[in-house]
Every structure is written in C-alpha cells, then in structure tokens.
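If you scroll down you'll find the structure; I have some questions about it.
Chain naming follows the written order as A, B and C, and within any one chain the residues start at number 1.
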Amino acid sequence: MGKRTIIPFGPQHPVLPEPIHLDLVMEDEVVVEAIPSIGFIHRGLEKLVEIKEFTEYVYVAERICGICSFMHGMGYCQSVEHGMELTIPRRAEYLRTIWAELSRIHSHLLWLGLLADGFGFESLFMHSWRLREKILDIFEATTGGRVIFSVCKIGGVRRDVTNETLQSIVKTLADMEAEVKELTDVFINDYTVKSRTVGVGVMTKQEAHDLGAVGPMGRASGLVQDMRLLGYAAYNDLDFAPIVETAGDSYARTVVRIREIFQSIDLIRQAVAKIPDGEVAVAFKDVPKTECFERLEQPRGEVIYYTKGIGTKFLERVRVRTPTFANIPPLLHCLKGCDLADVPILILTIDPCISCTER
Amino acid sequence: MGLFSFGNMILRSLFNKPATLMYPVIPRVYDEKTRGHIDINIEACIFCGICSKKCPTHAILVERKQKEWAIARMQCIQCNCCVEACPVKCLSMANTYTTPSTEKVTDTFAQAPAAAKPAATVEAAPATAVVEPTV
Amino acid sequence: MYENSIIGIEPADLMKEAQKLKDEGYRIVQICANKVNGFELSYSFDKEHDMKTLRLNIAEEDEVMSISNIFFPAFLYENEMKDLFGIKITNLVLDFNGNLYKLAQKTPWNPQN
C-alpha cells in the first residue's frame, strides 16, 4: 500500500487547450481517483438571453465555442424555428449541413493535432493543422470568416453559395483526401502513437452507457448513438451509418474520429450532388411562444438546445448542454488506475472543449 | 512495424516551399468575401439610425443633428447586420481587418454642411429644395 | 420517427420514475432549471434516440432528492443548479457545496437576486 499524495493538474498546463482543474489522488505513480473542478471560463452566456433579443442571440450562441461555433448557431436557430413551427427552405438546410460537416472535419483535424502534441509529436501536430488551413480557406471563401461565421439566422442562412463554388469545394476536398489519408495512416500505424494509446483508458460498453458517454467517446466503446440519425437539417436525405468501434481505449477513439473525417467528406459530396435550387431564407413576423428541445451531433457528441419563448421578443430561457459536460464522468472513470504520464492523453481523448462546457 | 510511416511527408516538406507566410513583411491576400471592417459612403447617408438599432453590440452611434456617424471599431463584430438593414445601401463590408492597437478606436464620419438652396425659377416649377453636399 | 416528449410528474414521484427509467435502460441526458412560479425542473432521459423529459414544479424553499445515486452523471448537473439557482438538493454523491463555478455573486440566477 503506497503513500497517497494529491497532485493538482491544471488549470494551466502545456497540454491543455483550455483550463480545467483536476485533483489527482495518487498512490506512487498510479492515479486512484480524480476530482474535477471546473468554472474557470464561466461567462454566464445563458443569462444574456434576458437582454438580447432572440434574433440577436444567435451571435452570442455562436461565440460559446470557437471550434464548434457553427453548430451552436445552427442548434439555436433550429430550436427556435421548431418552437415557432417555421419551415426553412430546403436549400438553406442543405447549406447548413454542408457547413456543419466541414466544421466536423476541421474540428477532428484540430483534435488530431492536439493529440499528437500531447505526446510530443510536434511535426505531426503541425502537419494536421496545415491541412486544416485548407478547410478554413473554404470557410473564408464562402462565409467571410475563418472561425466565427455569423451565417446562420432564424429563418435560414444569410449567404448563398453558388453551385460552382460548391463544385470547387468538392474538388478541394478530393485533392485533400489523399494527404489526409497519409496523415491518418501515421496515427493508425505508427509504433510510437500506438504505444501511447493502445490499452489506455479502457471503458466497456456497459460503463459507457451508465456514465452517459456521448459522441466518439461512446461510439468507440460500442454504443450506437449518433444524433444525425434523428434526421434534422438535410440528414434524412443522406446515406450514412454511425461509425462504431468496440475496443473502448484511446486508440479506438482516435480511429473513430479519423473514420468520421472520411465519412464527412463523403457526406459533403452527397449533399452537393443533391442540393436543390431556391431561396435561402424565409421572412417571419411572429415571436417564439413555446419551448423546444433540439438535439444535434456536434463533433464532440450530442448537444441539447432548449429554448423557451413566452410571446415577447426576449426568450425566457436558453439551456445548452454540451457534449464535454456529459463526458466528464467517463473521464473520471477512465482516470482511475492509469499512470500519471497517461493523464494528459486521457484528458485529450474526450476532446475537451471547456469553453462549451461552462458557457 | 510502422516506424517510419511519417517519412514520406517529412521528406516532401523538406523540399516544398514553406506553408506559412512571412507576415507582416509579405501582406496577406484576403478573399473578396472576408468580413473585415465596415465602410460608409457618408454622402449618401440619411441618418435614419436603423443601423444603430440593429447593431447587436451597440457599436454604431448616429447623430442626426450634427450629421455624424461613428463606429467603435473594437466593439464591431463584423456581423453584417447594419449593411443588410441600411435602406439607402450606403454601408459596405471591406475585406481588410482593423489594425490592432492598444486603445479602443472610434471612427467618426461627418457629412459636410449642405449648400444653400437654389432660388425658385421664374417658370413656377415646384420649388423642391435640392440639398447638394459640397465635396 | 423518434420520440421527444415532456411528461409532468409530482416532485414526490421523482425517485420512483427515475428508478423505473434506469431499469428500462435509459441514460440521463440533462437536467435544466427555470425560474417560473418557484422553480421548474426538467430531467431528460434518452434510450436509442427516444427522449423523455420529466417535468416537475417546486417552490423556492423545497428540497429535492438527488438522483445521482441512481444515475451517477447527474451530480454535475445538480451541482450546477445548486450553484446558479440555489435549489436545495440533498444526498448528492459528490457535493461541491456551491463551489463548482467560481462566481462573484452566490446564486446569481435566483429570483431574489
């Protein structure tokens, strides 16, 4: 029986992209328990709904997070639109889907870079982010912004994209696909990457279900849950299947995210082939009067948007439950029994987006 | 075994030119749709104040009597709401960003005072006052 | 099509309903609080993309039993509700006692503030 010490991890740590604090209870070099402490980035964004009108709140919702920014705006707009029973044009739904899948690709490439940086493989980190720049250039050419797009609004989208631009997006992605395959083969086959991720942080399917794991974290343990199957936006026209692995360790989570990049490229190809012509926004006059729960699949998992309107132009309540918030209990479970050197890798495998978590 | 699976990419990056730009020595080429900063054609502005009401961050200040239009550059989030709302289309989005600085910048544009109204003609045409701002 | 329903229940039935849903294989998804006539709590559960939300209304001084003994992940949501709204929740598995978020003002969203 070794001596127990408590090591504080974070909030400032070179490997963490955002501040989170964990108190690790250690016995010699093995972690026995972890107690989380969050709240360093709590900005109270949900309370801003009392002073921002519901059409202006889109800009606040987008800025909850920088990486999943588009899907936050889209989730908020969808939730209010369903509450008002407003149908938006089909072309707008397809455009939102295309931007959402591009968001997913760039988020996963960013995560791959952070994971490589987490175990010190800096050149792999740089190459992942270099490939991600091509996606950011696509965003800038179509929406005007690289990180925060401001392109969703209640009633549709604010900008149209010409069909030639859409074809050129598909061509850029096809050219990029070969290089992304080369990069991801390193993650899947390289000896150093495998020795840091295989067998680390194993979570069985039953544990993942009880702890409420969402997104790639849950799918890597065998849970088949993907909110895109609900058929929101244009997903009911597209043909795909959730990507599931069964090993449940960090290597499986890496493989799930890599396969999702290729699945997203294929989904964009399908969406561009099927996109109809037409308007991109619909005008409306009334205000939200009811509540609505809306679920989306962000790159990190399942996000829930709850909006409640009471008939004025200010909503009464907006509640965002982000996927990282749901993945903290699985993280605490995975940390039990691991070495101290594995702690940064495990924190990175849940894809922590702490600014989403604390809004 | 996979010891040198990254070798191809490394070798290529030895011989390709760098992926980064030597900014700020070499200026960046912005896309035409980039949302950089708001420009106004002050001569066409009618000072109705709609842009100020629509702005989600209250960055625009419109003074009707002094015919002044001011924007707090650091408060603007380049959302394009004012451009879409302007009834005379005098606002536009330029594609270069505001220069970073150590203090909050407010840009004010003023319309020059109006010229004197032309006298009514002898043919008794309706005396519509044409206000021509001097350039 | 997938279900997305809101079911109103009495506060006294919360533990019973939660245990029933756990036995049927549901997982907890979120817990939300809203200040309208006291507090209105919404507990959401999901099973294979069907979502059920239990809704109950309590007065401001009422105590609610925590469901974190049945659903472990609920402790985070309930601590957040305690911090922001000041709802009294008892029997939490891991209780932060109002220190989960570092706030300048205690319970800022409570109607008294």
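Here is the rule we go by: contacts are C-beta pairs under 8 Å (C-beta built on N, C-alpha and C of every residue); 3 or more make two chains touch, one makes a residue touch a chain.
Quick caveat, the model's predicted, so the values are computed rather than measured.
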Which chain maximises the distance between its CA centroid and that of chain C?
-> B
Most central chain, judged by mean C-alpha position against the global CA mean | A
Whole-Å separation of chain centres (CA-atom averages), chain A against chain C | 24
Centre distance in Å when chain B and chain C are each reduced to the mean of their C-alpha atoms | 47
Geometric centre distance via CA averages, chain B-chain A, whole Å = 32
The answer for chain B against chain A in the complex is residues 1-3, 5-6, 8-10, 13, 19, 31, 33-35, 56-57, 77-80, 84, 93
The answer for chain A against chain C in the complex is residues 35, 37-40, 42, 44, 47, 209-212, 225, 227, 229-230, 293, 295, 302, 304, 306, 308, 316-317, 319, 321, 325-326, 328-329, 358
Residues of chain C touching chain A in their complex?
-> 2, 4, 6, 25, 27-30, 32, 34, 36, 42, 44, 48-49, 51, 53, 71-73, 75-77, 94, 100-103, 108-109
Can you name the residues of chain A that touch chain B in the complex?
-> 52, 56, 59, 123-124, 127, 130, 133, 137, 140-145, 148, 150, 158-159, 182-183, 185-186, 189-191, 194
